[in-house]
Amino acid sequence: MNLLVCVKRVPLTGGKIVLTEDERAIETRHLGFTVSPHEECGVEEAVRLVERHGGEVVVLTLGPPEAEEQLRDALALGADRGVLLATDGGDWDPEATAAALVDAIRAEPADFDLIVFGNESADNANYQVPIRIAHALGRPCISGLKALAVEEGQLRGEQEVAGGRDVYVAPLPAVVSVKEGINLPRYPSVPAKLRARRKPIERRTPEPRPARLEMLRLSVPPGRGRRAEVLGEGPAAAPAVVGVMQELGVL
Amino acid sequence: MIGAIALVAALAVSAAVFARRVSLLVRLLRMGRPTGIDRTDDVPRRLEQEAVVVLGQRKLLHRLLPGLMHAFIFWAFIVLFPAIPMAMIAMVDPDAAPHWGWYEALANVFAVLALVGVAIALVIRKLVRPRRFEGSHLGEADLILAWIAAIVATLLLWHATEAPAWAWAHVLLILGFLAYLPHSKHLHIVTAAINVYFGRTRSRGRLEPLRFDEDVPEEEMRFGIGTVQDLTWKQMMDAFSCTECGRCQDACPAWATGKVLSPKLVIMGVRDHLYEEGPKALAGDYDGPLVAGRDSLEEMAWDCVTCGACVEACPVNIEQVDHILDLRRHLVMVESRFPAEAEPMLRDVERQANPWGKPQGERAAWAEGLGVRVLEPGDPAPEVLYWVGCAASFDERAQESARAVAKLLSAAGVDFAILGPREACNGDPARRIGNEYVFQAYAEQNIATLDDAGVRKIVASCPHCFNTLANEYGDFGGAYEVVHHTELLAELVRDGRLAPAPGEQTITYHDSCYLARHNDVRESPRELAAAVGTPVEMERNRERTFCCGAGGSHMWMEERGRAINEERVRQATETGAETLAVACPFCSVMLDDGVRSSGAQMRVADVATLLSEAVDGDRAD
Amino acid sequence: MSVLVLVEPDDLSRQALTFARGLGEPVDALAVGEPVELGGVRTLHVAEIDGYAPLAWARALAEVGADTIVAAGSDHGHEVLAHAAVLTGGTFAANVTALEGDTVTRLRWGGSVVEEARIHGAPRLLTVAPHVIAAEDADGAAPEVRTFTPALADGDLAVRVAEHLDTSTGGVSLADAPVVISGGRGVGSEEGFTPLEELASLLGGVVGCSRAVTIAGWRPHTDQVGQTGTKIAPDLYIAAGISGATQHMAGCKGAKRVLAINADPDAAILASADYAVIGDLAEVVPAITAEVRRARGS
């Protein structure tokens, strides 16, 4: 099987988000980075499929040169090679992102049986890149999967909905997006990390398109307005807590 | 004539059996991987260890009765050695054997002492039955004791009766013993002296680094102990030297609180695996089972808090912690098999530079309002860099001691600064759980930060940071003068730059393992405690201290059995002291938890906090 | 300027409809399969499509058409509108909280960051951020109902629900529970959750957890509350031993009231909670349970 997984480099923000002075980005000095959680599970799922059915996993990202770190993490999970579409790290709107990824996919030597995305990225959460790419490639797209299986050229996926799971079936080649919880990504072994250091990563320059969802500025909303009202310390606060419960009618 | 033939025949058989076995042991040692640290340097101290530990039997004499028992037999072996060739001559030609009255008298005395030793040993083993023998092979020991008794008894009888038959018996028993020696744990009489020589002489907290260089082919890389082929020669020597005496088991806080881990059983497990699988590996093309797959070695490896009490207690200087850590390294780095609750910590260390997963940007939040200089890139280097550590930066109870240290250093006019957000975890939590790779990444990052900033001297308030910066960063190119905050503060008090008011409170000081055992820092914290109150000692103090339970990354792992910290708190309450002083943020959190859960009436505080209160004149609540 | 709202029979659709009515134009709605009861809508188009098939639903929306197409910020809403954006050539903005002229305000980072963006092109497709707009009923005449069969293209039904598996265990689900009590790293172990389970069952609620707990293996991912877990909107959310990382708080934004139980008076969560108890959750939670029993007994 020929699989492609798309990932995005996102910061690990912690308890409080701080913006840059120009209010157009998150201040990431002193922050660590990771592959967005849904996508990390996507890489793991793709690697498991290839372990079962044979084949290759390619991992693709659009991001700054530092995104190579996330590609290496994906390679350590078991992907075979990476492609980095290097930008200056600025904001790309979802349509421009999808178009650049489609360019990269079309430039690949062979068609992909399955292209895997995270349902939405942890930061911008635009919910549309996988679907736009599916249309451009003329493939069916199933979103938000919590379970995925491939049998004889057919894809079977499960979504979690109220009261149970919805099952979808579609022929390959296809595009899917997955949600965290579909699997628990393996903790990569050090030999795998060392091998990942040597796996090939190709760098290309993506063609930017004008933004149709053009970010003007960001802001951080205030918490819940003010700091929490401290009801008390230790077990002695229990009566006050029950008082609140009675007010809310949950008792 | 018969005598000569018999002697030659006995010698030949004994030597052949002995040599065959020794040849195997030597071949195993040569299969052993090289160690990660140089074990041939510092010759004077190595020789000192030989004199003190081997000849002087110091560690054994900690327990008087067993110590005397062993010393009698040990010294008897040495003094009685010349009697062997004498008896051999007597076998060939009874008249030719030399008779030096003074020597025979001396030999008789030591032979009797040896018998006394055997008697003491039997009393201990059969009547007293100490718990340290749980798990040991007592049958083999009985056989050896009987054999020793027979050897010295035949010598005494020969001296008394001059009948050649006793000389024959003596020689044959000894030659038989020689053949049996390398097949039993009595091998230690040969290997112990060697093992002591090659042990660590200083920086006992320094683990052996692994190498992940690009130019090493993956098949040659060592990721800890996977199969028998991954053992280093030193680990094999450790295995050869173990006598199953159980002193390490007695000292182990995990064993004392009902966990599976016994350092003795770890070494015995490694030894048994080595003897069973080693020959197969030597035969070539080996694909054998993991050492950790044996008995409950894997389970035992996770109970360890790396306190080093086992290493301290061992009379032949076996380094059990190295074995346990190397088992962990393989399990974590190759098998990815480790307690699941540690995974968030590992991910946080790897991606967010601290095991709490809190944003590095908030690392200096504890220092707000104290006027502490945060070193920015390009700033001039301070005289001393205060390495705060993740615990004091992010844990609310540990932050108190950081504030105290900062206030004291400022009050004493010390030119210091902190790195703030640029201080990443020193890597100890990752290293101690077995992830050497993540540790080294942080070592390199921190060394680059420190060197770029021109830092020469560092004071650390966490013993784990202190140990890593002082002893382990050197393996990666980081060379700094590193002191623990108690050492620096004690110096400032001695120099009069800090003037604490003496106080009445009774203080018992808890030695951190990483200070007192791994690094010999024992007196500075006591000076501070004595300066501010009335000190009283716990029974297990200084290098015999009992762990708080957080070491070996246990701060982030679940604990089975009874709680180590509660056991230590119980020991502290026995002193009746009002205050339990510590010098480590982990100890302070663990012991504070222990005090709360046991309802003890004790205040847990860092010596820096106590000093700060005594210098301020008021107590900060 | 026409406004068309995709509605399903759920609360989030009523919120989306309220948002749409606030745009100041006449509002039409589209439902699939069955009409949905609504107020303040001019025409309700009912598309004859059997079951959920995102591309077919999008086709129906595109066929009816409008300048502004709105849907709930649910999985279905995001998915259908993304398809509809491609079919109509429009621009899709997800999790929107406001629209003024051609400037849209939407949520990033699960709601911890707000983005102001200019939306170019037409039509504009917007999903409405859940639990930001309170659903309001409108008086007025019932809508004119127009049933139609959309002209579907080949492949529009290739992705559709083939089967529904019922996995409910009979209890309340995490997403619907009126009270949720979550534990974080501070709980310390799998067994440490027992007092939380006791309190939850006493209040007819459910136990949730943070991502660290899931990775530590103490509870399954289905219990995880957060940006990449389940998003909840209970009447009361109790977060015990949880530091308050934005990714976790994104999952409980919809909660009416948040009570934090934490030993650290400076924990980040206190800035996002309504109430706090400073202390050891292992002591506080059982104390609350005991107090609840006492209050009920009397």
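Labels A, B and C are assigned to the chains in the order they are written; within every chain, residues are numbered from 1.
Simple rule for what comes next: contacts are C-beta pairs under 8 Å (C-beta built on N, C-alpha and C of every residue); 3 or more make two chains touch, one makes a residue touch a chain.
Given the structure is predicted, the values throughout are model-derived calculations rather than measurements.
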item: Both-way neighbours, i.e. chains that touch subunit C and touch subunit B; value: A
item: Chain pair bearing the highest count of C-beta contacts; value: A-C
item: Centre distance in Å when subunit B and subunit C are each reduced to the mean of their C-alpha atoms; value: 55
item: Distance from the mean Cα position of subunit B to that of subunit A, given in whole angstrom; value: 45
item: Between subunit C and subunit A, distance of the C-alpha-averaged centres to the nearest whole Å; value: 19
item: Per-residue overlap in subunit C, given as positions that touch at least 2 other chains; value: 215, 243, 245, 265, 280
item: Residues of subunit A engaged with two or more neighbouring chains; value: 13-16
item: Shared-contact residues (touching 2 or more other chains) in subunit B; value: 343, 357-358
item: Touching residues (chain side subunit C, partner subunit A) in the complex; value: 52, 54-55, 75, 78-79, 82-83, 85-86, 91-95, 103-104, 107-121, 127, 155, 158-168, 173, 175-176, 178-179, 203, 205, 211, 214-215, 221-222, 224, 227-229, 235-236, 243-247, 256-260, 265, 267-280, 283-284, 286-288, 290-292, 295-296
item: Residue numbers on subunit C that touch subunit B, as the complex places them; value: 185, 188-189, 212, 215-218, 243, 245, 263-266, 280
item: Parts of subunit B lying in touch with subunit A, wherever the complex brings them together; value: 212, 214, 218, 221, 223, 333-336, 343, 346, 351-353, 357-363, 421-422, 435-437
item: Of subunit A, residues touching subunit C in the complex; value: 13-17, 19, 26, 37-38, 94-95, 120, 122-128, 131-132, 135, 140-144, 158-171, 179-181, 184, 211-221, 223-224, 227-242, 244-246, 248-251
item: Residue ranges of subunit B touching subunit C (in the complex, touch as defined); value: 340-344, 347, 357-358, 365, 396, 558, 596
